[in-house]
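Take this structure first; my questions come after.
Should a chain be cited, it is by its letter among A, B, C and D, assigned in written order, with residues numbered from 1 in that chain.
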Amino acid sequence: MALDTVQNSDQLVIAGRTFNSRLIIGTGKYKTYEQNAEAAVAAGVDMVTVAIRRVNLTDASQPRLTDHVSPKDYTFLPNTAGCFTAEDAIRTLRLAREAGGWDLVKLEVLSDQKTLYPNMPETLRAAELLIKEGFQVMVYCSDDPVYAKKLEDAGCCAIMPLGSLIGSGLGIMNPVNIRLIVEQTRVPVIVDAGVGTASDAAVAMELGCDGVLMNTAIAEAKDPVLMASAMKHAVIAGRQSYLAGRMPKKRYADPSSPLAGLI
Amino acid sequence: MALDTVQNSDQLVIAGRTFNSRLIIGTGKYKTYEQNAEAAVAAGVDMVTVAIRRVNLTDASQPRLTDHVSPKDYTFLPNTAGCFTAEDAIRTLRLAREAGGWDLVKLEVLSDQKTLYPNMPETLRAAELLIKEGFQVMVYCSDDPVYAKKLEDAGCCAIMPLGSLIGSGLGIMNPVNIRLIVEQTRVPVIVDAGVGTASDAAVAMELGCDGVLMNTAIAEAKDPVLMASAMKHAVIAGRQSYLAGRMPKKRYADPSSPLAGLI
Amino acid sequence: MALDTVQNSDQLVIAGRTFNSRLIIGTGKYKTYEQNAEAAVAAGVDMVTVAIRRVNLTDASQPRLTDHVSPKDYTFLPNTAGCFTAEDAIRTLRLAREAGGWDLVKLEVLSDQKTLYPNMPETLRAAELLIKEGFQVMVYCSDDPVYAKKLEDAGCCAIMPLGSLIGSGLGIMNPVNIRLIVEQTRVPVIVDAGVGTASDAAVAMELGCDGVLMNTAIAEAKDPVLMASAMKHAVIAGRQSYLAGRMPKKRYADPSSPLAGLI
Amino acid sequence: MALDTVQNSDQLVIAGRTFNSRLIIGTGKYKTYEQNAEAAVAAGVDMVTVAIRRVNLTDASQPRLTDHVSPKDYTFLPNTAGCFTAEDAIRTLRLAREAGGWDLVKLEVLSDQKTLYPNMPETLRAAELLIKEGFQVMVYCSDDPVYAKKLEDAGCCAIMPLGSLIGSGLGIMNPVNIRLIVEQTRVPVIVDAGVGTASDAAVAMELGCDGVLMNTAIAEAKDPVLMASAMKHAVIAGRQSYLAGRMPKKRYADPSSPLAGLI
């Protein structure tokens, strides 16, 4: 694809919906909803994910997310942060659908408070039930390629493996697993969790992922709005780099030597 | 710095000259000068470096770089690629000054054809002589912080350590040395050599470098123009990420355990 | 523990059985059973794992493993290499028990020929059934800490996460996950799969693992017997290093700088 | 080389002297000389390096190193730790020669207290002068392959590049540079500085280095004697692994994909 083609028509399509940005940001941990709104603008995103049980959407006597980040301007992606069972996650998303008519959702079913690692069998079970109820399920998952396949086969509309633990900022711990998932998956693959800095986001995209979702890396940067802009550019950089096809790595050393195996 | 301040006034200043872009690209290895020109536009650069002995600047009967990438549009930075002695480098840059009036130059004195590793004592000697002759010397060097200091003390106007071997695409091999150089240096530090993909450029900028110079990563990508755009965004991403101040890395594991030392 | 205490009494205990060596090697891919036997001696192991469906144990007209690597000298650990369903794995291990009386077994249930990644729900189901039948199950698994806990809760006597894909030699891709498993697990944790070279084995042990199982790294080295000896020393080195408590990493750079987050 | 050949006759030869161990340890930072002596035994070394200006060798009214670690049992390698000029280093080694007759020496000329990075031009100058005076010079240096060659050409009998900063425990920061030095050098290459844990030492040896010198990694471990033993095994493991020839890394993924360049 030529540069102008990429700039004009390289879009992310999830469940038939088209997005210009491949970055999705969260709505938690910001100091204020104003700051969250500024970050969303700086990040250039089309979609924000909302922890439906934690964010005030309706009580007009309190600050409301929707007064600053409006569903008119952004696709709202309700998520199930804080849910540790399939039932809890399903209940939360039913409420979201009743409240806002949202049926494109992000499912996460977690294991424990310490690691927030996904509970994969519960996640798969919840995904199957939600899909039966007509939800379009983007699913947070481990980087286990076998489970990623099961989730795709179950009908999930996006596979969202972790780069590393939620909130850790450790980046992409296992690029091989992410790459295996990318190679086998026909729906979009979006790295969700683990990005800590701009280069991490670029790495995720260079692996061939279709997008990146992040919250802490922006919200807990010293300057969240500036970091949001950094992430916008990082995702574009990684995407274009992937499409452009990088130069091969070279070693400048005796190819018969063990160096080949060492770098 | 707020985002709009960064966007409007975060400029690179070298030897009193101001540049909007922190990316510098080369003019070698492209298929045609047209492609080189397109890449320069896509990369959004203000400065291009020119291997003065390899590029046709004057013979109108042959394709000339300057017909496509004009010194009216870009600051030309003559370099001494292919020079293996101080004398050879100095001779080359004197010719450049006579030919185009250029006195802002990039010095490189190499050791051997196999690794193209800088010859540091020859580099320092050449820098001292060139500075005496009134040149403003941006200097390609190893990532040895002691030599970086010697070169700064000698009056070089930019310190340009390698990330890894020229043309290798291995990225930043030793972030600690690059960071030590950044912390000690008062003139701009620009990573020169080694960048292979967009995330490498972002990493260089996140280390606090003031800019990145690259040639092969763009010219030998499958789509050089698209990669040029990727690099533009990567440098912006890394710069803004550095200024924004990344979140701390977290481990979610017993802090008394050896894990602390292992990641 | 003082050095002499470690040398004399730091033993691996699995399901009540005591082993002096923390290294377990395989019995596949060697050129001959003689070479396999020599490697076992050089590796100093007490236990070898046997792909029960692939190795000739009984047909005296053909070369037999047991004529060279004898169950009198080594604990035989039957495994289910090549099994892609719980039923297949269970059937294999029942045969093993009938053939040799072995009830300490290594369970692996794989997903596909391309990656040989473990199929975790099938693995858990098989483990539960085998434990009901009185087997002592050492279990090959992904590095998902949630599943590792489920397997331990099901009664497995050793948790054996992959370092990276079987036969890949890529080492420990995700040290954080391995470390999380080590911290939460009360039975032995043994890295199984992925080790390619001696330092990989040392890294696994430095993370606090109780042992390492490997096959390809030894069998496909140019000199398998010499590599077996290397691995013996690497496992001892990593174990003693873990027990000794490594020095802290130091940065020698402005601690307020982003370097802290970069290395 | 077969395993028994390696065990019996793979020796390190420096300046015509033969050593059974490829590990060299220091004599600083230990709590007591007793502990130092125990560590030397546990490490199985033939040679210890001595900071000639810091260690009491002669005053019988104070604890003396030589009462515990005797030059009868170990080759003493006087070093110039704490020397920041060629003259200072030369003076120190002349005193060492007068005091103990030692002419096999380790030269280090440092740049500053903060990084202890080698000052390469001063190091080269000192080496040349010392060699003229008949010393056999093992030389601590940066990982700059060009300087490594100059030092070898000057007549140094061992090239000792840093893995990372002295006392940092960061391991081998730039394996490519170490490997380039190994490939070009005809005298022994010994990684000196940077090793923090056993696997670091194994990595150094797997790169083809002839030996490893360390001090802090042992002396500042929680249990120095146990760590000394770990390092003994790590150096053997890395050496045997290098000689055995590791298996190739494999990727189990579409070889036409960018993954090839990413791992």
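Note that a residue touches a chain if its C-beta (ideal position, glycine included) is under 8 Å from a C-beta of that chain, and two chains touch if they have at least 3 such contacts.
This one's a predicted model, so the numbers in the text were calculated from it and none came from an experiment.
Undergrad: Compare the CA centroid of subunit B with every other chain's and tell me the farthest one.
TA: Measuring from the centre of subunit B, the most distant chain centre belongs to C.
Undergrad: Interface overlap for subunit B and subunit D, more than half of numbers shared or less than half: same or different?
TA: Copies use mostly the same positions to touch.
Undergrad: Would you kindly tell me how far, in whole Å, the mean C-alpha position of subunit D lies from that of subunit A?
TA: For subunit A versus subunit D, the centre distance works out to 47 Å.
Undergrad: So what's the Cα centroid distance for subunit A and subunit C, whole Å?
TA: Centre-to-centre distance between subunit A and subunit C: 34 Å.
Undergrad: Can you tell me which residues of subunit A touch two or more of the remaining chains?
TA: In subunit A, the residues touching two or more other chains are 115, 165, 168-170, 176, 180, 196-197, 206, 245-246, 248-249, 251-252, 261, 263.
Undergrad: Could you pull out which subunit C residues touch subunit D in their complex?
TA: Interface residues on subunit C, with respect to subunit D: 1-3, 6-7, 42, 114-116, 165, 167-170, 196-199, 201-203, 206, 216-217, 220-234, 236-241, 243-252, 263.
Undergrad: In their shared complex, at which residues does subunit A touch subunit C?
TA: That would be residues 111-112, 115, 117-121, 142, 144-147, 164-165, 168-170, 173-174, 176-177, 180, 196-197, 261 of subunit A.
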